[in-house]
Every structure is written in structure tokens, then in C-alpha cells.
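Take a look at the structures below.
You will see two complexes here that share subunit A, one where it goes with subunit B and one where it goes with subunit C.
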Partner chain A sequence: MAITSIKNLKEFSTNNDRFEGAHTLCPGCAHSMIVRELMNCTDDNLVISSNTGCLEVSTAVYPFTSWDTSWIHIGFENAATAVSGAEAMHKARKRKGTLKDNDAPVKFVAFGGDGSTYDIGFQWLSGAVERGHDFTYICLDNENYANTGGQRSSATPIGATTTTAQAGSHSYGKKEKKKDMVAIMAAHGAPYVAQLAPNKWKSMAKGFQKALETEGPCFINTVSPCCTEWKFDPKDTIGITDLATDSLMFPVYEIIDGHELNILYRPKNIISVEEYMGAQGRYKHLFKPEYRHVIDQVQKDVDAYWDYLQRREEARI
Partner chain B sequence: MAEKYDLQEREVWDGNFAASQALRQAQVDVVAAYPITPSTPIVENYGSYVANGYIDGEFVMVESEHAAMSGCVGASAAGGRVSTATSSQGFALMTEVLYQASGMRLPIVLNVVNRALASPLNVRGDHADMYLGRDSGWIQLDAFNAQEAYDLALCAFRIGEHHDVRLPVMVHQDGFITSHTAQNVYPLPDEVAYNFVGDFKPVDDMLDFSRPVTYGAQTEEDWHFEHKARQHKALMDSRPIIDGVFADFEKVSGRKYNRVESYDMEDAEVAIVALGTTVETARVAAKELRAEEGIKAGVVAIRCFRPFPFDMVRDSLENVKSVAVLDRSSPGGAMGAFFNEVSAALYTTPNRPLVTNFIYGLGGRDFSISEAKRIFKEQKAHADAGHITTDIQQFSGLRGPHLGFFQTKRG
Partner chain C sequence: MQDLNLLANDNRGQTDLGNSSSLVGWDEVTQGTILQSFEGDATGIAQKKAEERSYSNFNSYTATVASWRVKKPVFNIDVCIDCQNCWVWCPDSSILSRDKQMLGIDYDHCKGCEVCVEVCPTNPKSLLMFSEYTPLDEALSQWPEKKKKEEK
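== the complex of A and B ==
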């Protein structure tokens, strides 16, 4: 049964598992929580595609598969296109009546990491959304190319150290701002766009359900803390996610039809980005005196963006 | 239900129109495409058949050729008939996904209107794109004119979708010379064509949820080799099935195709081996030389470039004294790839004919009957001398001084 009213985590964790536990994701990886939540939030048949990345290499190594539903992986960049091809075929076959079960509801979902979503697969995602296919794209945003050992992506925040934007005696790590993918996808005119977090699992399930129910292309950016590359203890994944959402480094919100913005989580006590950064090894160097200014800059940027989100919510534009 | 399309017994179609009519008659479910000269009209026409109700399918106009083949892969895995078209740079861009399509054993039909690869940018026909696909695990059929572009596109669906094959198929035609030259084409009536192709019967259908399937899994050193070996075996084992489809096609059309076509080869002393429209040029040259100078010239043409008909090439050429293999693709610092393959086949014969290599027609440079005759006459000189009297590799039809490489080592 789909979780239509989620009461508690126990119910959630024992429901309808189409994503098998036997995968090789790192202990503490948030990807599997997010994927299970998506697959548990609907009873409909699912066609899922995945870009190359951590999720893909950890869930379909022949002769095993973690996917108890239709699943396809082509390359690093084209999960959105693969699922749009399947969606087009579903339309054609439904009209012709050649499906095994012509009336069964089917949902089409693509997963990609931030590498494939923000960078190498950006064009493919943009094209699929512009064409208006009825699918939901979920980005598992861990802010780096984790599958290849922690290189910078355009989702890596300022100041984080990665193997290709390293902190050192002459560098504080990545110097460029994170790409605002949620705004870019909203600007495509996608009917439903959101940024969700696995610690706020009720709002995440609701957001997923909304996206699946919405006709047309929907985009959801999910924060997926990466204990391996962010450098924190695997048992602390949800705790780190709490810091991410409470510091507003990852505000949780949705944008409907490209303009109606709703904030889905308002922290009662907003914490500093310093507290969030201090819990992760990737920001350790910023606490040296010569790089403190980066933390201050990030705090200013986060404050300004939170202000912007609230103004937009209020103005309904 | 699709609208009735008015067809004459004889139509005047170019190769692009002919290929698109085959897509209409096969009632292709999904075409995911991106336009590129000279193949654009194939997918434009499919779009127009959809727009006017002549076909009940989905036309997915994507943002690049890489996405076109990606969309085709997703659509094909979802259990229906899929086709697209491309050329040149578009082909190069979709190359990554060509390997993935064949590795997943998806019977997509790709109409390739052959065109040169840049740089320099060139929109005219050569076989650089066709050669780029030669290790991609696709079956590659080669049409020499518009009629064949139509016929082979119909055959391609039957071959690729055959449950003992389950491989993607390319149908090649030469850019502009075939794709944009109107010729007489005799189409099959719609019912005959569709019955020949048959209903699509899915295997491992992503939209059959009673039996979930995983496409595009990872295999490392423990299983990758076995997968690729089985894929190669499937290609090799497709040979009799291709022959069978060609035999069935003859029954409905009266037109007979072979994986290797031989013309005037019964008593031939010298031969040209070629692909594409050059075959017809060489055939005319051979006939004229026989009449004019008594040179026993013949032509061997490869209809099925992949799987490469090694044994049929060998058998058709083993009694010839001298063979010219014509490569219409820049060899990039080696002998022509086609030359190498034909030579390898001939090396297994007792008499080992002399084999020379001509690089010709790059970027659409015209290949004339007189040049074909000159090549035949050179072969005759080699045959009479008993050894190759020229460079083994020569450029044919090049401006400026002669360009050639390597001579026979005699001692």
C-alpha cells in the first residue's frame, strides 16, 4: 500500500519495498533513504531510470539488481531522455492497446546525482523538461562527484574542499557559487519544482507524491549528505541533514507552475552556517584565521537567499 | 487507426523519402530524432505522417543526436518499434549510445545517410560515419540506391526484431547521391509491407510490470567478457537470419538481396570491391570495359557490412587475379579499414589475389566511370605482371600530385 498518510517511521520503513536493501551504497549514504521514500510513496507501477553515479553503480551490478520494478541506465547524462523515450512509448502503446495491462497507472521517474544533473546531463534534463514529458526528475544532491572520489561539481558550495578544487596554503577550496538548479528548473516552466530533505521525511513524501500526481515534467532537488566526501560519521547522516535545513544551507521549499513559491520548513531556531560547516571535514580548513572570511561570506549569501525566498512566498510571484 | 496513404505502383522518390515511407509502413511507434543534413527529411517526413494521421506514433523531437539515440533506447526498452535517422556529426555525437543500444540488445533501426566527418566541415557523402559505427555491435546494411534504401529499411525491422537476433540495425545510404536524387521506386502496398515486417513482439518489456526488468546493469571483469562474447555471437549468428529475411522479401517484392552482391564475377580476372553508390558506377565501368577492351572485370559489393561476410567475400574473389578495394573514408594513418578486411579474407585463399587500396570520394568528391575504368586497367596490369606495379595504397581523384604509399616487397 502506498503511504497516503504517514503516521510514523515504523510504518514507513516496513511498507511496500520495491527497492531492495542489498545494495552497495556506503553505510550512512542518504541516497537509499530518498529512493525508498520515492518508491514507497506510490502504489503505481514505476519506470525508473538512473544516470551513471553512486546510485547506479551500487544497485545494478550483474547478476544482481536492487530494483523490483522496471529500471534502466544508459549513460552519465541521459536518464531524463531514457525515461522520456519510455514515456513516449507508453503513450503510443496505450493508444494502440498493445500494453500488457492497458489501464494500469504508470509513473516515470529519473534519478541523477548533482554531477549528472547540474553538469554533464544538464542539456538532456533541460530538453526533456522543455518537451513536457510526464515524469519526475529527482536529483540526489551530495554536492560533489562522489562516485569518482570527490571532485568538484557545479553544486559544490563555496569553500568546500574537493580533489579538483582543493584547499591548501594558497586556496580555500571551491571559489565559485553553487548553481541555483531549482530556480533554473522553475524557469523552464515545470509545473512542480521543489527542494526537499530526507530528515523532513513527511514533507519529502508529500512533495514526491505531488510531483508524481502532477502531469508534466517535475524536478526535485534533494539534499543527500555524503559521509564519505563531506567527512562525517556515517551514523550522523540525519543529524547533518538537520544542520543543513536548520542553517538554511538547504531551505526546503516548492515552486508551483514556475511562480507560486511555498516554504515547506521554517526552522524554529535558525543555526549558523558555521555550526553546519563545523560538523564536516570538507570545511575544516575554513576555520583557520586566514579563511574565516569565507564562512562570513557564506552566511551572508544564505541570509540573503532566505530573505529572497520569504519575499517571493509573500509576494506570490 | 492510421489514415490511408495513396501509393502508386511506381513512385519517384529520393532515398530519404523512400526510407521514411518504410518507417510509415512499419508503423513505427516512436521516433526520437534530431535533424542533420542530409538525413533530415527522413524524420521530417515521419513528423508529417504523424501530423496528418498517416501513422499513430510518437514523434519526440529532442535537443541533440545523443539524446535522439538515448530516447530511442528508452523507447525500445519500453517494448515497441523504434527508428530514427542521422548523418555524420550527429552519428558521431550518438556514438556513445550506439554501443549502449547494442549492448542492451535493443532492435532500433537507424537510417544513416552517409556524410563526411569534420574537420573541415563538409555536408557531402563519404563513409566516415559508417566506418565509425563498424565496431558498435550494430548490424549494418548498405543501400546503393533509393529502392534499396526503402527495401532494406523494411528488412531491417524484420532482422533486428527477430527473437534470435535482437540487435539494432543501421541502413546506410549515400548522402545526396542517394538521399536527394529522385529515382523510380516500386513500393509494396501498405498491407503487404506491414505483414512482411509483422507486429512488434516485445522481449523484456519495461512496461510489463508482472516481470520487472533491469536494463543497463554494470559488469566488471567477472562478466563483461561473456556479455560481449554473446553479443558478438549474436551478430555472427544473425547471418542466416538475414539471408532468410532477404529470401522472404524476394517472395513479396521479387527483389533479391544478398549479403555480398557479385556482378560479372563468373569469369572475372580483375575486380573492384566497393560500398554504396560507387557500386553502380563500377558496374557500368566493368560492363563497358568488357565490351570495349575485353577486360574481364567484375564488381563485388558488400550489402551487409556488419556482420562482415568474411567467407562470402573470400569465395566471391578467390579466383580473381587482382582486386582493388575502394575505401571512401579517410584512413587516418593506416591502410583503408575495408581494404584490411577484404585482404584478411583473401589471405585465407590458396591463390591470394593481389590487393590494392584506393582512397576516393572523400567529402563527396565525384567518382567517375572513367576513374573506375582506370582502376580496373591498373588491376589488369598487376594481373599480367603477376605483382602489384603501383603503390599499394593510392588516393584516387585527388587534386595535385599523386599520393600513394607502400610497394610490394619482392626478392
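== the complex of A and C ==
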């Protein structure tokens, strides 16, 4: 496959975007940063599916498309279903020699939000990975159902306020912890699973290229800060992502063949989750004395998980 | 030189997405629509720069979201070190980089989010926000001097 040079940003910038402007994502939305980077990682033909969510509604505003590749929009549950069907058809037609260009390399990619990935499309994603289709699934994890106004999902972290898990005098927001989707996908035995972040552009590009090059189903959870629902200034999208990776709320790591875990980014100065939370309106209420214990709990959980990741990396199991 | 006319000959930004009265309503859309992004054969499109492509009128490249902006980023090429931070993080594919050089901003697609200004590492910054109505030469004439470290 034709992967593009990611040696440095200058080389990377010689790629010609296949994701066009005048989509209607909010100013500063990280979804498009992640999509652009994926599409600039390869010169190969791409067949992409997106299920319903911010990315889909904003890039296919009739009569416009922002995609310069084959792109399929499908229902909320079915990004993985649609792309695995396309991949199976491509394989069959290749075998029969009925493609226009039988040798042209094609990569299959699905984009889903966390709502569709962690919750509503979970079963379909699991099925597509179990069937072993050759595709890369990328979850744009903004930790809420952003497109419908910010409802909680199983990716929403404990303590965040959402429209369906609202903070107030009797509640500190969401009470349940975030689902560990990366571990779940690794447990499927997928050959490549990772959690990546757009502020670390190089590790993200490397991970994308690895996933595209790996035969079989690959899963990548990407941190996608959402200025609208996380409540921060759009200009700070990358700054917030820095706080996310440096507080280890979003550790950056990969798991190969379900067991070999590699940490891809080790912050030089680990910051507190308090600093990360303090920069976003969705956690504002936690700074009241009565909810302070939630921040302390999250810090404990984050520390424990970082410890677990490091031990797993060392043990190679 | 700042080549803001780089794409002057193509069909970029013709339709204002802020003024959609001429578009088809949701209840008039045919189910299962296929939109072709390009006129004719799109083979090898990844090798073609925007100005070499024949975008169809269905491609959002031909639309503009300029009316979303209140402030606009202005680019000062004299300070720029071509690091391409702005290129990699612009969410709206609006940084015009060619042959490893940053050339300017695509004002048809820029929404004025200010991310590029935040990630620009030079001192003074090579990108700064100005009111949408400030002429480019006026903005450039107001560029700040290099800041000392303590003042930052």
C-alpha cells in the first residue's frame, strides 16, 4: 500500500486533502482534524462509511459532499456493517476479476461516534470484527451524543454533566464510569487496537498507517474534544487535548494481537485531572465542596489505570 | 509573496451555505442519493492538488462558509517558519500549503476558529485574528514586535 511520508510535518503537508472544507462541523471541531489526518496517511483509494452523528450530518449537507473518496452514509448502528459488506463485495469481485482496476489498492475505513461505537452500534462492530473483515474502525470519541444535543453515552466519564445526566443540587452528573472500549476490542483478538490523540499527530499518523497496513479488523479510539458539549473555547481544541493526554485521562497506547501493549506517549510532566477538568464547563460543578470527592476518585482511577498499563507493557502479556 | 489568488480560477466557494434558500428541502431529497464529487474520472485524485481537480457542483469545495466568521486569521509570511502546525490542525482544510510552504488562508472555507493562531509557534505569531472587515494590508501594518520571554 502507498502510505505517505510522516517523517515530519513539512513532508506530511505535501498531501492533497481529500476531505473538503465547507462542511458544517462546529468551528474548532476535532472530528475533522482526525478525519483529515487519516485520509492524508495514505494515497490509496478509500472506501469510508460513517453512521449518523456530527461527522455524517455535517459532511453530507444535501446537495453537497465533503468527501473526495467513496463514502457511504448509513444508520446509527451500522458503520461497521456497511464497510464490512463493501469489503466482502470488493474481495469477491477481485477474485472474479470484475473490478474496473483489479490491482488498485483499496482501504476500508469506518468512522463512528462514541454513541454509535460504545452503545448503539456495539453489537454490529463486534460482529464485523469477529467475522474478520479487513477494515479499520475509528471511533471519534467526544464522550457524548453530540449531534442530538449532548446526551450521556457509555463513553461519558463519571462526573461530567450531560443533558440526560445533569448536575444539580442532587447530582454530580454522570454516576457511572466510562466503558473500557479499547480493552473490549483487544479482547476480540483484533490484530491492532489503539487509543490515539490528535495533538500527538505523529503517533496518531503512525497508528493509522499501522491499522491500514494490518490485514484484518483494527480498532482505534481517538480522543475528539468537542468544544460545544465539553464547553471550552473552540481555539483551545488542541490545548484541551494536551491536557487530556498529559493528565492521562486519555493515555495513548496500542495493543497488538490482543496482548502486546505499547505505551506511545509518556508525558514528561503528568498534570492532575483537576487541571484537565477545570478547563471545561462540563466539569464546573465538581469544584463545589460537596462534589470534590468525585475529582479525587477520578484521580485515583486514572493513577491506577496508568499503573496497570505500565505493568502490562512490561509483562508483555 | 502571499499568494492568495492561488485558486482564483476554479469554482471554489460559489454557494453560500449561510443562504440556503436555493437548495432542495429535506422532504424533496430522493432516498438513496449518490453524489459525484468530481466531473469525469476521479482516478488518482490523491495525487492532484485542489487547483488541478475538476470538482463537481456537489462537492462542498464549491460552497462557502465565510459568513460564519466574525474574526478572521491573517497570515504574515515574513515571520512564518513553515512548520505546518496550522496545516495539520486546521479543522476546515483551509491552510493553503504547497511544496512544504504555507502560502495563505482559504477564506471561503475558514470558519475563524483560531486554532491555527493557537498552534503557531513563532514569536510574534505568524497568524493573528483581526476583525473580518480589517483589510489585509492594514492588519499586516499592525503586526506586533517580538515579545520578550517574561512578558509572555
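In this text, the second predicted complex is superposed on the first by the 304 of 317 C-alpha atoms of A that agree within 3 Å, B and C clash if a C-alpha of one lies under 4 Å from a C-alpha of the other, contacts with A are read in each partner's own complex, and residues count from 1 in each chain.
Definition applied: a contact is a pair of C-beta atoms (placed from the backbone, for glycine too) under 8 Å apart; a residue touches a chain by one contact, two chains touch by 3 or more.
Predicted, not measured: the structure shown is a model, and the values here were computed from it.
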{"item": "Overlay on subunit A: subunit C relative to subunit B, clash or fit", "value": "clash"}
{"item": "First, second, both or neither for A:P27, with subunit B first and subunit C second", "value": "second"}
{"item": "First (subunit B), second (subunit C), both or neither touched by A:T65", "value": "both"}
{"item": "Subunit B versus subunit C as contact partner of A:H90, first or second or both or neither", "value": "first"}
{"item": "Subunit B versus subunit C as contact partner of A:V294, first or second or both or neither", "value": "neither"}
{"item": "Intersection of subunit A interface sets (partners subunit B, subunit C)", "value": "60-63, 65, 67-69, 101"}
{"item": "Residues on subunit A engaged by subunit C in the complex (per definition of touch)", "value": "9-25, 27-33, 36-37, 42-44, 59-69, 101, 198, 201, 234-239"}
{"item": "Subunit B residues within the subunit A interface of the complex", "value": "29-30, 32, 56-58, 60-64, 66-67, 70-80, 82, 96-97, 100, 200, 205-210, 212-220, 223, 227"}
{"item": "Residues of subunit C defined as touching subunit A within the complex", "value": "13, 15, 17, 23-24, 26, 29, 33, 35, 37-38, 42-43, 45-50, 53, 57-65, 68, 82-85, 87-94, 97, 99-100, 106, 108-115, 117-119"}
{"item": "Touching residues on subunit A, where the partner in the complex is subunit B", "value": "45, 47, 49, 56-57, 60-63, 65, 67-75, 77-78, 81-93, 95-96, 98-101, 104, 106, 123-124, 126-127, 130-131"}
